[in-house]
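First subunit A sits with subunit B, and in the next complex the same chain sits with subunit C.
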Partner chain A sequence: MSTGRPPKKGKHISYAKWGYIFIAPFFVVFLIFQLVPLGSTIYYSFFQYFRSGLRIIGPSFVGMKNYISLFQTDLPKYFGNTMLMWVAGFVPQILVALLLACWFTNERLNLKGQRFFKTVIYMPNLIMASAFAMLFFTLFSDNGPVNASLVSMGILKQPFQFLSNVSGARGLVAFMNFLMWFGNTTIVLMAAIMGVDPGLYEAAEIDGASSMQMFWKITIPLIQPIMVYVLITSLIGGLQMFDVPQILTNGQGEPDRCTTTMIMYLNNHMYSKNYGMAGAVSTVLFVMCAVLCLLVYASLTNDNDSARKVRKGSAKS
Partner chain B sequence: MSKAPETNQTKGSKGKLTAARIGCYIVLAIVCFLCLFFFYMLIINSSRNTFQIQQGFSFLPGLSFGTNLNNTLNDANIPVVSGICNSLIVSALSAVLATYFSAMTAYGIHAYVFKFKRTAFALILLIMTMPTQISAVGFVNEMQAMGLKDSLIPLFLPAIASPVVFFFMKQYMDSNLPMEIVEAARIDGSGEFHTFNTIVLPIMKPAVAVQMIFTFVGAWNNYFIPALLLDSANKKTLPILIAQLRGADFLKFDMGKVYMLINIAIVPVIIVYLFLSKYIVGGVALGGVKG
Partner chain C sequence: MKGTMKKWTAAALAAAMAVSMVGCGGGNSGNSQASTASNAKSDAASTQSTAAGTSKEGKTLNIWCWNDEFQGQFNKFYPNVKEVAKDKSTTTLKDGTVVKWTINPNDNNNYQNKLDAALQAQDSAKQDDKIDMFLVEADYALKYVDSDYTLDIKKDIGLTDDDLSNQYKYTKDIVTDKKGVQKGTSWQATPGLFAYRRSIAKSVLGTDDPEKVQAQLADWDKFNSVAAKAHDKGYKMLSGYDDSYRVFSNNVSAPWVNGTTVTVDPNLMNWVKQTKEYTDKGYNNKTALWDDKWQSDQGPAGKVFGFFYSTWGINFTLVGNSLKTPVKEGGKEEVGNGIYGDYAVCKGPQNYYWGGTWMCAAKGTDNAGTIKDIMKSLTCNKDIMKSITEKTQDYTNHQAAMQEIANSDFKSKFLGGQNHIKLFSEVAPKIDMSKTGIYDQGMNEGFQNAFKDYFTGNADVAKAKANFEKTVKEKYPELTDVKWPTT
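For the complex of A and B:
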């Protein structure tokens, strides 16, 4: 440690300086491109500020008026849409992921070709969501190949209008979200299950526990922190749902705005240059995400052991 | 461990196990079919002409792949070639900036002792899962004010602050970067930046590679912010062109071209993925948090 040189204190200070230099670019960019915009977004939310034709109205201070009109009109409906489609995608996602993760990690089953399966199920996650939605739109459109095949096979008498039907359109969005994320969740849960001490299973086996008992009494309780983490990050991703319903319905949220999500609503206000209302929608989303972010933060920092496991998580979109 | 009990198991339970295994493979086959079917159809349909496509599914490719590709690349209304270039520029620069500066930030917090170290780390963790969409209003206005609205710069420059990549790098450093190496370099008279670039970065190579792929794909697929910023046709990225195609009067379209454009947006990523899947899947399992 001691080099014998007298300016030891000076050396220490100069290293601290390097710490600031190394983290400076991150924080400067964060300040300019994220924090200041966030501040001004919240600031705009208290103003009447929109474009009507070529005229710009405002900005004039209106207090909470934007928020009141948000909650009295469409926001609850769009929040409901977003949550409904998220739940409809998340429930099958976590169930299938849990099932596959247990199978892959089960030593007695000893499944072959795991790398192939993992590669295939993770693949949809890397797909451009907008292109994937466009693909589904073309395949499931009224005269698309899905309908053509179903009719020619005699399963349907006439084409089923997936995109003009409430549950058809919502179902397609949920199905796409499921398909894009279940592989990712499987891999995360597999890592969690493999982190469980194998001695526990051995001991349970000696005591004559069935595999169902081992699953419910050992696996589930021990991977619970990661399941919670998956749930929260997926919820944050669900709130951001945009690309898939936007492209699938051409931004209209058809039929009857039942697939319009919160971010699509924000996007509509951005396009009509109604920055006051757009700011208010963003602020509502910000408050929701901030609560969820705090939960993620708590789960990452509460204790070392679960932090190590919990980091094997993933943000969802 | 699995072998030993099997030897003294009765034939009955062995048969049960085989049945369970067959059941698993059947379910896995169905799941894989679901994952692959749509992409297979995409590739098949991009090689067929509009008339064939409207006949329904076929498992055999058509002969129009070249024609469709040619038509798509030379379409007057959709600037596909510049779209590919713009997407490549934005994604590649995002990947490089995000990984380099995140590694640098992580190193700053990993290797040095300073007053606000814990605060800085806690702050980054707090904002890690915060979506960027929520500050879009202020972001678009700020870019307008800075004269960067119709430009690619605001699409890659913010990648310097990528909390998720930072977190991965920090985790990787905690387990793979002993401070003794850094101390040794200091004794040899290596400057701090020199140490970081020539000693730390090479050690971080696996983490950098995985995160580069994730950031590249994330930027390649990004639709929301680019759609709000870019106006001129020659600046648009691929996701915006896809949206434009969706907005166009659909029936007038050559369906082969539609599938081909989707193909161009998806297939390059899949090809890269198939080559690097081992590292990518490993990265997800190790803590590859993807935005």
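For the complex of A and C:
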């Protein structure tokens, strides 16, 4: 490839074979570790298959029974919990990330110590989510340092039970998701902003545009594809939210199951190794993810009018 | 030449890929990695005959448990211990056998899930990876006792009726399967008690004498009125929501599950009522069992009148929590360090028991001889049992030994000079474990969690009941109905 020599006439050498060989490992790994489990998950979702104590019950085919009983449970509530905590974390995340990305890339501001701050804001993402959740669990426990300092500063009279309060627990989960991901989003958005042709800004400045105008009229429209990417990846990540609330609430999804996410609900079924119900939950989640992603993708890329509406709407909130 | 180089490189890369993939697929039960290295050595060693002459005994004894209680007991009191590894992961016995400890915490059924998986893979596991012995708790002992994964401790292991004659009957009954075969044995009897702070009792009741305090706590009405008095003086009667749970849940009229129907006993609703009242009136400190606030409530800074505890709670939790300077930081277990010496115990409003640990021998073990010796030493040997009680305050499962201590002038310094063994020897024979079943742990955890929302005000009773039903159906898909008491 690098030699640039034209292939000899009459003796056509195809390097395509090597290309396939080199990408083969991915497909082999994908097949074994992703596609086969996916298939078996869907397959088992039509079976009654769990353990009662040390006895294994099933697998016996039960048709759609798992799905029927699934929709009789609180599945919509858990979906709502998941989305609520995701949105509450994502909105500040995208706003702060956008602001920071603009500041970091603005040549006039020319912030000092950028490298330091970029590292610092990325840090929370490097910590294991479970360790991070454990840290917050300790920080915000009833006699943890947060409560202790709030009480000693006289802001609170009695320790506030963050984890026994619906908005407290949900807020903590959202806050942690925000902390863990805004650094990552900032870096991605910075890359997007730096990809914008500087000539556009220069031209706009000559025309007398204010920096606000440049932001809304140049930056935002041009980084839209990356914003869509950020939104979709975050949505998928959000729907699969598990480790943070699981550890923070000790696996209970307390209080009143209000921090139980879809995957935590799935995990509850693994108590009895209930592959049937767990498979049904996973399949529903898979379909939901696919539909939501298609929706977001379609509305933000194909139709320009609606794209602008969604964009403005999200920027205002 | 170049072409062959490329081919070789590609082949090497592909091979590397394949190897790493196989490596991923092979990892089975998570903790097998650590064992493989040591196995290679012990495999070689096991071909030589051992000094004890038991040439068929394996060189590795795998013990599974959920905390370090038994491990500590074992290392301290088993006479054949030669040395303990620095990280405590293994203990070497005098005959060269290496005891490997596998500890999986209990929360959310974690221990049982891992144990189940390992037991089901027992047949295909390598001899030195097989579980040889595992511990079970009262809450789920029956699950393992009624299975084929546990061995008959008399026929298969070799303990005799004579060896076991001094153990409390209930400790044998609970691990006896439907056919009458005893499948486990325990070193402790676990009558419940109420451990109270002497100083707080003096301030609230004017006395710290166990018998006089007991008289004022003899039933729930009296207990509640003491709670009100303690509250007036600025103390909390109990620490958390679940503190009194066991007292109620042990005094139920039927096991949790009958067939596929879950029956919630009226007494459990009494617990709900009492705890809600205590929470609303500020009689408790809103903690949960085992959380750090609950633990610190037992320490020098605590303002809690007392704790419902079982015998093991004294040595395993209460002593450590009472110290101002923990042993780890150089503190000593002696009067003057924190509130050591400020506790005393009494029977409390109702008889109950809590916990208890049984040793079971796993099917497929190659260490039956060692297991017999361990069981015999740690659950039947009068002298060892006596010294466990004298040194750790734990109440051991040997009636004659306990009787001796009860009648002696034994005094617990931790309990301010009280001979608590005397109290226990009176209540231990009254323990009734006939209402236990295989679902107890999941049910108890689920019930406490569901009603926690009611106590904290996040849900009303109906909501908490509904949440409990959801939990039951998630945990045990085979159970179909939940019946609530009518009152």
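Here is the rule we use: the second predicted complex is superposed on the first by the 262 of 317 C-alpha atoms of A that agree within 3 Å, B and C clash if a C-alpha of one lies under 4 Å from a C-alpha of the other, contacts with A are read in each partner's own complex, and residues count from 1 in each chain.
Please note the rule applied: contacts are C-beta pairs under 8 Å (C-beta built on N, C-alpha and C of every residue); 3 or more make two chains touch, one makes a residue touch a chain.
The structure displayed is predicted, hence computed values, not measured ones.
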item	value
First (subunit B), second (subunit C), both or neither touched by A:Trp216	neither
Touch count on subunit A, higher of subunit B and subunit C	B
First, second, both or neither for A:Val29, with subunit B first and subunit C second	both
Partner chain in contact with A:Ile21 - subunit B first, subunit C second, else both or neither	both
Contacts of A:Ser149 with subunit B and subunit C, given as first, second, both or neither	first
Partner chain in contact with A:Phe61 - subunit B first, subunit C second, else both or neither	neither
First, second, both or neither for A:Asn250, with subunit B first and subunit C second	both
First (subunit B), second (subunit C), both or neither touched by A:Ala191	first
Shared subunit A contacts, counted only where both subunit B and subunit C touch the same residue	18, 21-22, 25, 29, 32-33, 141, 143, 250-251
Subunit A-touching residues of subunit C, taken from the complex the two chains share	6, 10, 14, 17, 21, 24-25, 107-109, 113, 116, 119-120, 143-144, 147, 149, 286-287, 291-293, 296, 438, 442, 449, 452-453, 456, 458-459, 463, 467, 470-471, 473-478
Complex interface listing, subunit B residues touching subunit A	1-2, 17, 20-21, 24-25, 27-28, 31-32, 34-36, 38-39, 41-42, 45, 53-57, 101-102, 104-105, 107-109, 111-115, 117, 120, 122, 124-142, 154, 157-158, 160-161, 164, 166-167, 171, 192, 196, 217, 220-221, 223-224, 227-228, 238-239, 242-243, 245-247, 250, 255, 258-259, 262, 265-266, 269-270, 273-274, 277-278, 280-281, 284-291
Subunit B partner contacts - residues on subunit A that touch it in the complex	12, 15-23, 25-27, 29-30, 32-34, 36-41, 43-44, 96, 99-100, 103, 107-111, 115, 117-132, 134-139, 141, 143, 145-146, 148-149, 152, 179, 183-184, 187-188, 190-191, 198, 202, 232-233, 236, 239-240, 242-243, 246-247, 250-251, 263, 266-267, 270, 275, 278-279, 282-283, 285-286, 289-290, 292-294, 296-297, 300-301, 311-315, 317
Of all residues in subunit A, those that touch subunit C in their complex	18, 21-22, 24-25, 28-29, 32-33, 48, 50-54, 57, 73-74, 141-143, 161, 164-166, 250-252, 254-258, 265, 268-269, 271-274, 277
